[in-house]
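Each structure below is given as structure tokens.
Look for chain A in each of the two complexes below; its partner is chain B in the first and chain C in the second.
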Partner chain A sequence: MRPLTEEETKIFFTKLSNYIGKNIALLIDRPDGLYCFRLHKDRVYYVREDIMKVAISIGKKNLISLGICFGKFTKTLKFRLHVTSLPYLAQYAKYKVWLKSNGVMTFLYGNHVLKAHVGKMSEDAPEHKGIVVMSLDDVPLGFGATAKSTPETRKMDPTGIVVYHQSDAGEYLRDEDTLF
Partner chain B sequence: MGRRAKNKQDIPLPLEFERNSGKTTAGLRNKLKFLTNKKSDSKKPNHKSDPEHNKRKVVDPTPQITKKLKQSGKFESWDDVELASDDNEEQEMLDGSEGEYSSEEISKKSDDDSDSEVEENDDSESDNEEEEQVEEEPTTLVEEHEEEESDVEEEEENEGEKKILFGSDSEEEVEENDSEDSAAGDSFDGSDEDARDSYGSDSESDEETTFGGMEKQSKKLLKQQKILEEESALELAEGGENVPELDENELFELPSEDQLVMEEQGMKDMKTVQMRIQEINNVLNNFARLKQPGKTRLDYINQLKSDLQFVYGYNEFLISKLIEIFTISELLEFLEANEVPRPITIRVNTIKTKRKHLAQALIKRGVNLDVISGKWSKVGLTIYESPVPIGATPEYMSGMYMIQSASSFLPVLALNPQPNEKVLDMSAAPGGKSTYVAALMQNTGIVFVNDANKDRTRALVANIHRLGVTNTVVSNYDGREFPKVMGGFDRVLLDAPCSGTGVISKDPSVKTNKSEDDFTMLTQLQKELLLSAIDSATANNTSDSGIIVYSTCSITVDEDEAVVNYALTKRPNVKLVDTGIAFGKNGFTSFRGKHFHPSLNLTKRFYPHTNNMDGFFVAKFKKISNKIPTKN
Partner chain C sequence: MDVSEVLKKNEAKYKPVTVEKALPLNFDLGLMTVYDCNLFEKDFNKKKVLEKNLLKNTRDITQLLVNQLFGLPTETTDEGVMGTLPKPIESIPREKPVPKDKPLTRWEKFAKVKGIQKRKKTRMVYDESTGDLKPTWGYKGMNKKEESEWLIPIPANAGPDHDVRKDMENKRKERVEKNTKRRTRNMEEAAAGTAVGKNSKAFRKAQLKQTIILSKTSTASLGKFDKKLEGEPKIKRAKRKTESVTRSALEEREINKSILKKITGI
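So, the complex of A and B:
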């Protein structure tokens, strides 16, 4: 477990800002205590500082996880967000799309979001930008990237793809072995 | 809620009562019948004797109530109560017959003390069991007996009716007597005199006016007392033999060796074996009465064991273990409960949602559910049926609930974690309890989550993330190393690895794959784990911390009480405290010759057949000081 290097921080924050923009600052400056990002076995964990300090005394081999895992660095030093970061992404996301109940299950099975399933969508979402997918009763389901900007999606036919799937809560069940 | 919701299984109180009293309803009923049978037996001499002599009451045999015999006063009043509780008719009848007796009595009175013994003999004739003992005493007035006997017969006709009456509402009878017994107990002397005045006045008054008479009286009283003591001892020895004869044909017989050989060769039929189990259960519940001559209890038990193995598919070792824990009828219930799956229960993740909201969302999906029965949990829901897989709903994936058996709520409730504490869960996977702990702490403080099995930590981490728990550190140590890794925990939860005898309905392989060796290995591990759990905690006398909770999903005493007792002897700086769980059965303080620390009754046991949850054991320790006192 170690703090992120400058390069890693840059890559990680760039990725994160794709979804939450400048709200990253809110992740660090929290009223309820000091929080930090730590790298452990290629994974980035977001954890309260006092918990992190206690966890230092646990051997590298024996430490499995601490706090919440945001995602991991690939061997080529790209950062991949995991669905485990969803609660924070959903909290601070700039753009959101809400699915009708008939679209929820298909998205949770790993499919892209179709126009027919969209209940509502943030007005100003640009093309190819990170977006959080919610159900109509405001339960976060996953995240993805917009295929078109919001005005353009209005012109699409119902079977057109609005959001490309990146991650969804169904991965907790499908990818339990590779995710952690 | 749906129709099935009405079927929710509550903690069955009457059943629990049965467990507490250690008897089944059938057993109790048998006993009651017993009592009434005896009572009506003893009643004959009572009513007959009341008018003539008070002392005769004293020698009346009333088995089963031998305790009361210690106090002759109580016993006497017991009779009075009977009289009082009988109808007026009876009273009249007695009054009417007074004349007949009195003439005899006068003649008897003059015959002094030996007389009373004879009369006693007379009583006992109506009561087969007493007969032998009393017959040794001299029988001088045999003729008189016969005269009296004819009178008795007359009365018996009348009493035949009564007996039937008593038989029908026997239960109330006994209760009534019990309660009035104590009330009337004080007035023994008074009632004695009363009885004399009203019934035996002609004879008694003569004697009482002279000193000689008084002396006689006191002698008689002394004698009565002596007889009483003998009687009580005798009845204790006899136990429950004093029952009407049974029809020989109805007696259940153990299968002969030939039959057993036949069964070995594949003639075994499930139905007959099941019938036999029931029969053996009956016999064992009322052994003295129903046993087959020449057979011992062991013969029945052995047959029962092999039958149970056949019907339920357990190995011999486990059956023997279970038979030690339960009474036979309870064992049958337990085995039967293990064949039925427990209801699915879920725990609402209070970090993300509320029970009300989740219940509504699930009901929308067509799930039939209800809150967990009993008022002990505010976060539990029972699922009766669901058209969708309950482990794959969007609500599940977004971490609103955890599928978790009701029993695994209990150790966390006992642990009672508070916000901002430092808590250790020693063997946590798959994380149901640890996430509950974190939820109770509202994601504050630190929860150390440890599991010795690296593969299982994956599911553990997945559950922690899914439920949005942020205050955990997950580690992969052998729990026994833990005090070296880190100490100073406010609370430690140890849900020890165990044989799983409480969750047979979930994992039937336990029935066959556990042997003596497994148990010795497991108990050894459990003891070491518990000691290191205790050492990891910090005593803090100013607050309610320094708590260690030990739980297993096994019901064998070796893995539960014995382990706890071991920890108490090895670590005198901890004590057992109340778990704070209102239901369940208290732990054993002694078991098959082993005596545990008396505070072990503060531990709790839960059984599938009584609480409709997995078999479970919970013990809660409090650490008093951080120093381990050494023996000098």
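So, the complex of A and C:
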């Protein structure tokens, strides 16, 4: 476990800003305590400071997880967000899409979001931007990237892809072994 | 309507061009600078008043400087009318230190002690025996004159297969070789002299080591699979520096904020 280097922080924040924009500042500067990001086995964890300090005494091999895992760095130093970061992404997301009940299950099985399944969508979402997928009763399901900007999706036919799937809550079951 | 009244009105809009000063100012027009030596007796305690007075004084002396600048000889060019500045009076200190003298080579030191002075030598030398000019060295050079004589006495202790001509030629070549060696040594010493705090031997050793390290890592595998020599120095690479694990979250927050500022611009 170690703090992120400046380069890693830059990569991580650029990725994160794709989804929550300037709201990263709210993650860094929280009124309810001091939180920090820590890198452990290529994974980035968002931890409260006192928990981080306790975790220091646990050896590298023995420490499995701490705080909330936001995602991992690939070997080529790209950052991949994990579904475990969803609570924070959903809280601060700039763009959201709400699915009708018939689209929820297909999305949770790892499929892209089709136009026919979209209940409503943020008005100003641009193309290829991070977006959080919710059910109509405001339960976050996962996240992805927009295929088209919101005005353009209006012209699409019902079978067209609106949001490319990146991660969904179904991964908690599907990738149970490798997720943590 | 009276014209003078209009002029007066117009004049009131601008500040006066002429400024009265007790002591004359020192102008350095070459640098477009002016120094005011007049006493500045104003209220120093009131900051606002002081600021105002300073500003006024600055404007006044700048006006005087501009007046002077407009009095300079002008020149009409394609880009418009240009004033020619005189040479600056104040000398600005040089940015870089004065370059150091090159250290003397071994020969130069020797020549200085002995008082030897450089003088030009012509390539052609007069040969007294034949009465014509011959080159000092090279094809049919004077340095080969002795060994190309038609008759050369053989020393008394010489063996039966002793070749006098070959012997002389070898000696001549040795002399050349010796001089070349000394020249390269002198050059190396001069190079070491410019590298601060190193004598020539240590300098050459360090240079050689550096070359070995470079050549070792100049393979596709950065020298990983090369045969190691006995007693080969281990190459130490700079270790990556990471932040302490115990870095406080408070400190980290500030660092993260500054990084975020760079990315999102807030």
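Criterion: the second predicted complex is superposed on the first by the 180 of 180 C-alpha atoms of A that agree within 3 Å, B and C clash if a C-alpha of one lies under 4 Å from a C-alpha of the other, contacts with A are read in each partner's own complex, and residues count from 1 in each chain.
Heads up, the rule we're going with is that a contact is a pair of C-beta atoms (placed from the backbone, for glycine too) under 8 Å apart; a residue touches a chain by one contact, two chains touch by 3 or more.
This structure is a prediction, so every number in the text was calculated from the model and none was measured.
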Chain C versus chain B on the shared chain A, clash or fit after superposition: fit
Chain B versus chain C, judged by how many residues of chain A each one touches: B
Partner chain in contact with A:M156 - chain B first, chain C second, else both or neither: neither
Which superposed partner A:T14 touches (first chain B, second chain C, both, neither): second
Which of chain B and chain C A:R2 touches, first, second, both or neither: second
First, second, both or neither for A:I24, with chain B first and chain C second: second
Chain B versus chain C as contact partner of A:I64, first or second or both or neither: first
Chain B versus chain C as contact partner of A:C36, first or second or both or neither: second
Touched partner set for A:D177, first chain B, second chain C, both or neither: first
Gap in Å between nearest CA atoms once chain C and chain B share a frame through chain A: 16
Partner chain A, residues of chain B touching it in the complex: 361, 391-392, 394-395, 397-400, 422, 446, 454, 457-462, 464-466, 468, 470-477, 485-486
Footprint of chain C on chain A - complex, ascending: 1-3, 5-6, 9-10, 13-14, 17, 21-22, 24-25, 28-29, 34-37, 49, 52-53, 56
Touching residues on chain C, where the partner in the complex is chain A: 242-250, 252-253, 255-257, 259-260, 262-264, 266
Complex interface listing, chain A residues touching chain B: 46-48, 50-51, 54-55, 57-58, 61-69, 84, 87, 104-105, 108, 135, 137, 139-141, 168-170, 172-173, 176-177, 179-180
